[in-house]
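You will see chain A twice below: alongside chain B first, and alongside chain C after that.
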Partner chain A sequence: MMAAIIIFVSLALLFGLLLGYAAIRFKVEGNPVAEQIDKVLPQTQCGQCGFPGCKPYAEALSKEETEVNLCIPGGNEVMILISEITGLEPKEMDEKVTENKPKETAYINEDVCIGCVLCIKECPVDAILGATKLMHTVIQAECTGCEKCVPVCPVDCIEMLPAKVTVENWQWPEPALKPTDHTVEKNKIGAKK
Partner chain B sequence: MSQRLTHTLIQKMAHFYPMAKRWLHHFHGGIFPQYNKSLSLQQPIKETIFPEKLVLPLKQTNGQKIELLVQIGSYVKKNQCLAQAAKDNKKGVIVPIHAPTSGAIEAIENAPFPHASGLETLSIIIKPDGKDLSIDNVLKVSGQAPSHPQQLKTILLNAGIVGMGGAGFPTFAKIPNNVGQIHTLVINGAECEPFITCDDLLMQTHACDIIQGAVMVANALGAENIICGVESNKPAAIQALQKAASGTNITIKEVETVYPMGSEKQLLQELTGTEIPVNTHAIDNGLLMFNVATYAAIYRAVTLGEPLTRRLVTVAGFGLKSSYNVFALIGTPFETLANAGQPTQVIDYPLVMGGPMMGFQVPNNQVPVIKTTNCILVNPPETLATEMPCIRCGECMEACPMNLLPQQMYWHSQAHEFDKVEQLNVFDCIECGCCSYVCPSHIPLVQYYRHSKSAIKELRTEQKAAELAKQRHEFRLERIEREKQEREARLKAKKEAVKNRAANPAKDSSESSSQPKKPSAAAAARAAAAKRAAQAKKQPPEESQASPSETTPSTIASEAPRKIPAARQKAIEMAQKSAAAKTGSKLEPTKDPRVSAKRAAAIAAAKRRTQAQKSTTETAKVSETINHENKTLPDKDPKEAAKKAAMSAAKRRAQAKINTDSTPPDSIEKQAQPSSETLESKPIDKRQKAIEAAKKRASEHKDRQAKQQENA
Partner chain C sequence: MQEYVLILISTVLVNNFVLVKFLGLCPFMGVSKKTDAALGMGLATTFVLTLSSVLSYIIYTYLLQPFGLEYLQTIAFILAIAAVVGFTEMAIHKTSPALYQVLGIYLPLITTNCAVLGVALLNVGEKNDFIESAVFGMGAAIGFTLVMVLFASLRERIDASDVPAPFKGAPIALITAGLMSMAFMGFGGMTH
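Then we have the complex of A and B:
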């Protein structure tokens, strides 16, 4: 009887200590689910989901406080990924998402710009350069294309333009989409004869 | 003997089982297409054709800067350097461009160039004058073979030599820096693509150049062995090379005729038995391989100092009556060369650069010959075999020389599961086209892999961009938060100071005024602000990185005011100014000369301001009294007057600041007492003035209220 009590008490103590140690040693900083969601979000920081940036949306999602279909730039793909991570029911996208919309970046018409700094304040990634009453310009490499600066401009000098196709970023077309572009197929004729 | 026997046996077997031929070579897969090489092989090499214009694209390695050395209209001679790598180009995998013949630079503009995208690129356009005047030994070589890799690299860079087999990677960049890193040098004479015979003919006619070039490279790099691999379908070339190589340590090896024998990894495996591991280059394994045409160009550059300005090009196809090979100038338009081969019909179809297996249709037949153009294929278009569903026969897997799983990659690529395509090593695909060739369903498999590769690259850049955006966004949030906290801290400090002042006004008044008066709360507040100003000057605060929008106009002042947080300073000034403005000009300057200077400036500013105000408003009483004291009567536009007043006020303020700050600021109040004794003619002190200001303000307020009531 006594022996059993001693054994169980000591076992309980041992496991308690173990658990306590593990809780400290293997403590997870932050919310891993939120981090995971944040990784799949497009990081445009556009706020179209109603949250001030991608991370707040990811955090709200991890607490299941919001819908999975709010990320407009991410589209259906991101929605599915989110629902996979969170285990929430996938939902149709709210607004009509233009699929495969080419990436656009903001351009400031520098002749029209009055230097009001409104867009600078709005830009979530500090991609706009300029100062009060001086011309502004967009650092193209850092623009996420969130379009936040477009409505705030009082003189409508900001334009969203698709990225220019250069030899560097040109992509081979997908054969299924362009059945007439089978270069290799066409060339093969000579070899097969 | 037994080897020879098996060889003949297998060749016999191939009659009823064609794929038996695959047992004859060492790498996996491979195909045996119809070669059609005889079309262009018989003719002798054609004389160089001088086109009406030469187009030299400036585009080389992705996104690297190139510097032009010529202008539109300038006359250039053959071999003259036209453009070279920009001096600030750190990576330096860019080679100079030389004029292929003499003539005038007609234009430097966007022109089509041979790329599957059909995009245009900036090009130098030369109008040849037909004289073909040249600069001899433009590279200024001594003719001596270089003894160190570095010497060789310099010559190759200046000569603008790139890999002429197809990849076009600058040769100098491929060569290692030190002696002994390469043990085996390989000459690639396999030329496995159908139709192409330029390497074959070069080996036949310039065997000595190739051999000498290889010997030079091997000596410079300290390579022990030189192996030359030539496909068995080029007996004349093998013979010529063997003749040229007699007396050297070069071994000429005949390799099986199988596509893609000419690919670097496949030929190395065939010749040395080494399979190049994933993610390593041949150089990492002590092997180095160049195409025969590259060796010939190296020879000419090293001995004659001649840059690479022409190359042997095969112009062949069923669309020509006489296919031929020609030493074409770099920059010659494709169409010019195609038309020289007596086309059977007008060439209104796209030409192909390269062979039928790996080549691509050029977007415009005016594209120029570049250093990697080994063949211009003139095949009239034929009806396409329709693509049918994959039947999972596995033929593509059997044919793949890289041991990949083409069918799996195809499925995932179709489903846009690019991560899985990447896991299947799509980046090891050499795009040889064997899989597409054997596919019974006519699926353009290589197109799928090309698309996947570019899609994966795009995804990677997107990921990088997203990471950057995230970092920048987080930094922005942090910055906003920090600024907010700083602002709050400042506000809090200010409030506390006010509270302290209000709590023990008696002590303050005894300190600062000789004639204590009843302190009103407002006056106390303003006084506190003034004290804070003194304190602020005493201790330069830490949070001096206020946002630029908050900076005061007093930047012309000396070091001291800059240390004070701009916002605080502004607040102080505002407080002082308003105090001065309210009391108006009734007040006399204070005892302290520094303070008085400041005050005088503030008063002047206030005067002007009120003046401006007066002209805009009709409410008169207060302003009238001030107006009496004002000597200047502004008849101008009120706005302009206000602006002027503000400007002069700012100027004076700045001036006053210089005066005040040049002495230790903590002395302001302490000095107040002694200076009051010296300047007794101006007895009214700060405090008194403040009180009066408060009174005045109250009366003003009353007036306004009364007026409002009247109006109502």
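Then we have the complex of A and C:
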């Protein structure tokens, strides 16, 4: 009786361990390449690439059905990472995004806002606060700077402004891509704006 | 060496598990609509059968017999089979997603493929040793794969031909299986 219990418990444990190991060893990611690309994408789900989110863009990239330079929030760095993962040729970003601008967030001019809620619907990260016919505002900490709310505003009251550097959000400057990179200069220009 | 060849011939042809012993009819009917799927199912079952017959031999000889627990063999074998099937499923999912899609629900159902348990129990009944068990399991699996592929090719051709309406689909498949079984009776008596 005891022998039977011990044998069966240890058998069950042994097989359980084997299957547990196999579950880790043979873990299936939907598509390894797409998964990898998805990780470097900024996950704003802004849709500026023309795909309905970061994951679909990553999947299209993994099948080499699209260009590497479509992620606007990600900018040059993400474009280079993507081309490294997929092995596709790196491509110039569009004019307006090549400049290495500092992180910008949306600001709503609250005097002009008519409370149309159009920008709220557009915001992919739910960073805009407000209700119909009431003034809206942007939760600065949540805004990813995807600029999707700017074109939809019927009264043009949304402005992209460089995020204020505070003690909380200050970070070491990112390492420059090239030694002669003019990131610093561009940052200065951006700050002046 | 000769006895292993005899075991192989016996399990593949003479005592074919599907057509002579009528074990494993579920996947035989279920996954035989397309030859690729049948071949994939056959290969997955081959892997499971060989491994599980060896594993059940080890469990029986080294764990159950010394303690006089032979009466628990069925549950012990099922446990081993389920573990091997689970392992195979994960391995196939990782290595061949296309095959995984094709096999679908029939892959976990290898667990309940009575041929797998049948082989384990027959191994014990015939007092096969380690290598004989492995050969027996592999032979049974090769026989299963062979019959699966033959039957699937037959069904593919039957699908294209003009079958009378009442016989379309499963009925003609069952009749075909019966005819195949009768054909395999021709091997009867070659070995025991």
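Here, the second predicted complex is superposed on the first by the 134 of 193 C-alpha atoms of A that agree within 3 Å, B and C clash if a C-alpha of one lies under 4 Å from a C-alpha of the other, contacts with A are read in each partner's own complex, and residues count from 1 in each chain.
Everything that follows uses one rule, which is that a residue touches a chain if its C-beta (ideal position, glycine included) is under 8 Å from a C-beta of that chain, and two chains touch if they have at least 3 such contacts.
Not measured: the values here are computed from a predicted model.
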| item | value |
| --- | --- |
| Which superposed partner A:V28 touches (first chain B, second chain C, both, neither) | second |
| First (chain B), second (chain C), both or neither touched by A:L17 | neither |
| Residue contacts on chain A - larger count, chain B or chain C | B |
| First, second, both or neither for A:V9, with chain B first and chain C second | neither |
| Partner chain in contact with A:C54 - chain B first, chain C second, else both or neither | first |
| Which of chain B and chain C A:T144 touches, first, second, both or neither | first |
| Which of chain B and chain C A:A163 touches, first, second, both or neither | neither |
| Shared chain A surface residues [contacts with chain B and with chain C] | none |
| Chain C-touching residues of chain A, taken from the complex the two chains share | 3-4, 7-8, 11-12, 15, 18-19, 22-23, 25-28 |
| Footprint of chain B on chain A - complex, ascending | 38, 42-45, 53-55, 124-127, 131-132, 141-142, 144, 165-176, 179, 181-193 |
| Complex interface listing, chain B residues touching chain A | 33-34, 36, 59, 62-63, 115-117, 119, 121, 194-195, 317-318, 352, 355-361, 377, 379, 381-382, 384-385, 387, 414, 433, 436-437, 442, 444, 446-448, 450-451, 453-455, 458, 461, 465-470, 472-477, 548-549 |
| Residue ranges of chain C in contact with chain A within the complex | 59, 63-64, 67, 69, 72, 75-76, 79-80, 82-83, 86-87, 90-91, 93-95, 97 |
